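Both of the next two complexes hold chain A, though its partner changes from chain B to chain C.
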Partner chain A sequence: MRAWATFRRNHGIPCTNPVTAVAHCSAMWNSLAFRLWRAAYLRAVSSAFATVPLYRETWALHGRTDPVLVPGKTGSNGGALPADGVHRRLVDTAPLAGGSTEPDPARGLAGLLTRATHRPSHRLVVIVDSDVTRPPTGLPRGSRGCVLHPDAATAAGDEPVIREVVDTLRRGERVLTVGEGKDLDALTAALPAQLPPPDRVPHHRIDRPGTGPFGLLHDPLLGYLGVLRECGRLHVDHWHVYVRETAGGLAFTVLDRTSPRLVDVLIGGGVPGEVHACPKHGSPVIET
Partner chain B sequence: MIGPPADSGSRAAVRTLQGSARAAHYEVFDPRFDPEPAYWSRLRATAGLYADWSWAALAAQAWAARTPQYVTVLHADDGPCGVVWAAWVGPPTRRHRFALTTRGGRIGGLDVRAPNNASAPGWWFADGTGQRLLTDYAPAMRDRLGGGSRLLLARQLGDTDAAAVSAPLRIVRPTEPISMLDTASFESVEHWQSELRATRRRSLTQIERTVDDDPHLEVRTGPMADTDAGEVATLLRHNAEKHHDVPIVPLPMFTGYLEHLLRQPDVVGVRYVDPVSGALRALALILDHPQWPVIRSWSTLPLHRGGRRNLYFDMYTQAVRFALASGKKGIVLGKKMTELKRTFGARTVAQHAALVPLH
Partner chain C sequence: MTAASARTAVAAARICDPRVDPAPVGWSEFIGTARPHAVWDPDLLRIEGWLARNPPLLVTVHDADGIVAALSALVCRPTRTPRYAPRRPRRGPMWVEVSQPWLSGLPGIVWRPEIQGHRLHAAVRAAERALARHLGPGLVGVFYRGVGPELLPELDGHGRIHRRTDSSAVLDNTFADVDEWLASLSKSRRAGLRRQHRRAESDRTLLIRGGPGRTDIDAAAVADLLNDHRARFAAQAGDTRSPVAAPYVEAFVRRSDVHTLTYHDTDGRLLALNILLDHRDVVVKQHWAALPREDEGRQGLYFDAYVRAVRWCIAHRRPRISSGRGKLDVKTSMGFAPQDVHGVIAPRPVMGR
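And now, the complex of A and B:
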């Protein structure tokens, strides 16, 4: 309970009545879950400092907080780095042991689709986004993924991806489109009118949140970070992503990908926000 | 968490050296934690140390290294009389990890070499005597680091220094020679080219004409302070990844280090850029020196990403032009490709490494 109370204090969760907190059935579970979440983040920080040049140089020369790694050096924004700065230094995001420095903007999509759509799977998942150049991986068995440039979404007929969408819909199978709302509208308009429209989940940017009822929090550098659930809150993909409040805004860490290693990245230019526990689901949500 | 050494109340240890003929006392710095000594710029100028000895670059280099690194300054009564840079190599060293501790283990050895530069020695003594590594430096470091320091490896020893290393059980072996190109006797680039083999001369002339005629290529030689260090790091990585033919691959230059290094006024770049976008296509980093600048790094983009053929050869023409324009004695071309460098008129200078047990 102490850990949960500490988390609540640190994250500014407005729960002043301890009796209510204790009575909350998910509080005990949350206590352990948040400790594990935090431990995964600390492992990522430690690993990044020991093996990844970008974080080694930044945190050693300028410092960071929560945790402080070099006594007396606390840096700015708690050691979080703006996404454009990280993008300029991608070459230094691979650990010394080697690895890719290519970001994967489709990272994390597969794990969020079920919660984003309330369906177990779709035959075809189409990402309509100019930043995404490689199809998503890890989709459920029987699902296929592909990407479509927004400019090609209006080129009805002769674009292979659109032909594939049409064929799949004609067979009566489900198609899911993911991307910016206007791009999804353009794709739907380019399809034959007699076909049922594909399912759609729009992208939400941290600096341009949407309204729902569906949505995925996306960043071109870090990939998919969270999902808008039926409670109306933006849930962090806490199995793969950690969020931290800093003076520069919400800083995101990808926990499960070591190269490129992305730790404490301020996306959307640094958007202030808070991390809470969802009263309904108990898992972390962000409010900006 | 990495903290400063426990015994560094004033950060640098200042001790008195007993029994030395010249050095009276010494200081040992860990650039990760110790501030720049007040006399450092003056010492750098006196010793003719390259830009990679600037304190900011040393600190960035030391943080992003696999082993702890020490800078030792030997003082005589009239001021600093020697400076040595060494990496402490001990059992906890890991190939794929940065140094995790301040000390790096109780038992180990000192690897004396220039920071990030294989073409220059890692020490300077006012009287030019390499033997001081054993008579002054080694006792100082044993005193500072304790009895666990068992070996001293000194690299980039010339013939004279290698012969002067007199210690029982020492091992001295020749290492890869460095190439040096004397330019003081030439009046112009054409004069230099006229001394080269006819095929090489024709080739250089043709390459230079091709570069001049390329509307998407412009050669800029000068300071690097305005350059994006991230772009430079990305470019240099193309070449660094080609040279993995050694047992322990040196770490490449990272962006943070380059930010500090490129800010130094004595760093000169030969840049091949796209005149419209300003994008770097190829780069030679030259660490300037009053007499012997050294070509520290070279890299070019692959052809499919905008690189051009034969820029490596043109770089030598540009380097000679820079040396002639600034009145240098010559240029240090560094290690490897000795035969090729000989076709540019370079001579080779033998190098040795000495391994000395410390008692």
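And now, the complex of A and C:
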């Protein structure tokens, strides 16, 4: 067996043993994928330092680490900023060239839905959250998104969104509700009992992690940051989000949105945690 | 060369990037004799440099006794990309503006009082040669802004271009009290100033606070007001100033030689502000910014600020007040005299000569 493994490695033959394959997957994450992930983060840091007033002021005058931008200045918490501080200074998160200063709490939902629900799409996606005021964008073709305030979730029949949910369920099409668990319970209870219940994916907060089996890591400022997968681990949306361990807690960066630029934000007041590769999937997971 | 001339000869110019370099050797002795305005503080230059598109370089010229002259050199480029300046200078065409962007109508050069004539001439040329070496072949020339008549002969020369620009307004303080100053003005202006001052004093919805080293100021509100005020006026071609940043204001107004006058309404909203830079020779009435009337700004505060500034300078026996360029007709009606200001361009081939 050992001879076969040596032969396979020497001749570049892929591994077929599932356990060893997962280990190699992790190794790959640690090399190429991690480097690409890290490179995307470094680009975001460089761009933020060169063009965004909030980060220029913070990192130039106080410093940061990983990377250090001004020799001798390391700042506090590695240069990460608390979310409430960033929220107060949203006007300074737009780059000098201009751009939006409004955060999008529904950002990133579309890309995580398939992994969160194990279904390719739903006809209607309803976010039940008081922080989300605009419907999600980028949903698959044929899906529509809407938002519902939790207080309106109990007003059965009067609320247009609930009427739409009822109509969609009556047509036998699938509805997905996303939000805090208690709000989703309230919405389900407000629907007629004869209808099948909508699918649901609860929000997890970094400082109040849920148990699963489904769940999305959400923050009112940064949007959707990760998904709870069948392995029971909280997977980072690594295509769009970078996570970094700092002295102040886990710091999140939205990679693909330039305005408002959100880099190294300590969400939930700064929650200590670790980032490592999932032994099953190989992609980055966080543990708090 | 005699021993005496060797001792007084200008030795070398050094370039300091205030963003990352410590203050030049001998700086504290230099400010003791040259007494530059507060904006020359290397700590302020550091903040300004990091938050500017054209960060200033501090060029110092030394002789055996220490620093003889210092220049604030802004590295400017023809393309204005919406980015802060990089840490290391990029290649490509650039020019240097020797100016102090926070001091309207004053030059970007300070020097020891005893350095005059050919020694100042040699010091400036040494600084030009150092800039050319530091910035490389992309440097096309040096532009000196805010040059007064006393400095012009040392900067001008063969192959150099100089033009008169907008005059700055200067008031020689020869008054015993503010009434004497008011008495020197026209009847209508005198009555107007008294009326505006009385109105501001008696307005119970107006909170007027002023003084040096203010720690009670919301720097972000001040920076916003200054930038909004500046944005209301058409940008002049060649204006290389960067927006005012809150961290700079925060550090600036805490200094003991910076007097800040603020006008707030009863809701705590900043309506107007004026910043005065104290100096033993020339007090600079630096920033004025106010909300427009359509945004519930108050009328007449501009004149009230002048009354308070002149009153303070008379009380503290400051010999001159400079209120910079612009609105010259209004300033002359308040007793300020126009002073010639020149711009001098030294193209690359004649730099250092």
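Basically, the second predicted complex is superposed on the first by the 261 of 288 C-alpha atoms of A that agree within 3 Å, B and C clash if a C-alpha of one lies under 4 Å from a C-alpha of the other, contacts with A are read in each partner's own complex, and residues count from 1 in each chain.
What we mean here is this: a residue touches a chain if its C-beta (ideal position, glycine included) is under 8 Å from a C-beta of that chain, and two chains touch if they have at least 3 such contacts.
Everything numeric here is computed off the predicted structure, so don't read it as measured data.
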Combined model on chain A where chain B meets chain C, clash or fit:
clash
Under the stated touch criterion, which partner chain does A:Leu36 make contact with: chain B (first), chain C (second), both, or neither?
neither
Which superposed partner A:Ala247 touches (first chain B, second chain C, both, neither):
neither
Have a look at where A:Cys231 lands relative to chain B and chain C in the superposition and call it first, second, both or neither.
neither
When the two structures are overlaid on chain A, which partner does A:Ala189 contact: first (chain B), second (chain C), both, or neither?
neither
Between chain B and chain C, whom does A:Pro67 touch in the aligned arrangement: first, second, both, or neither?
first
Is A:Leu54 touching the first partner chain B, the second partner chain C, both, or neither of them?
first
Kindly list the residues of chain A that each of chain B and chain C touches, one partner per complex.
49-51, 53, 56-57, 60-61, 70-71, 95-97
Touching residues of chain A toward chain C in the complex: what are they?
49-51, 53, 56-57, 60-61, 70-71, 95-98
Contact residues on chain A for chain B in the complex?
49-51, 53-54, 56-58, 60-61, 67-71, 88-92, 95-97
Residue ranges of chain B in contact with chain A within the complex:
1-4, 32, 59-60, 63-64, 95-98, 100, 228, 230-231, 233-234, 237, 251, 254-257
Hey, which residues of chain C end up touching chain A in the complex?
19-20, 47, 50-51, 82-84, 86, 245-247
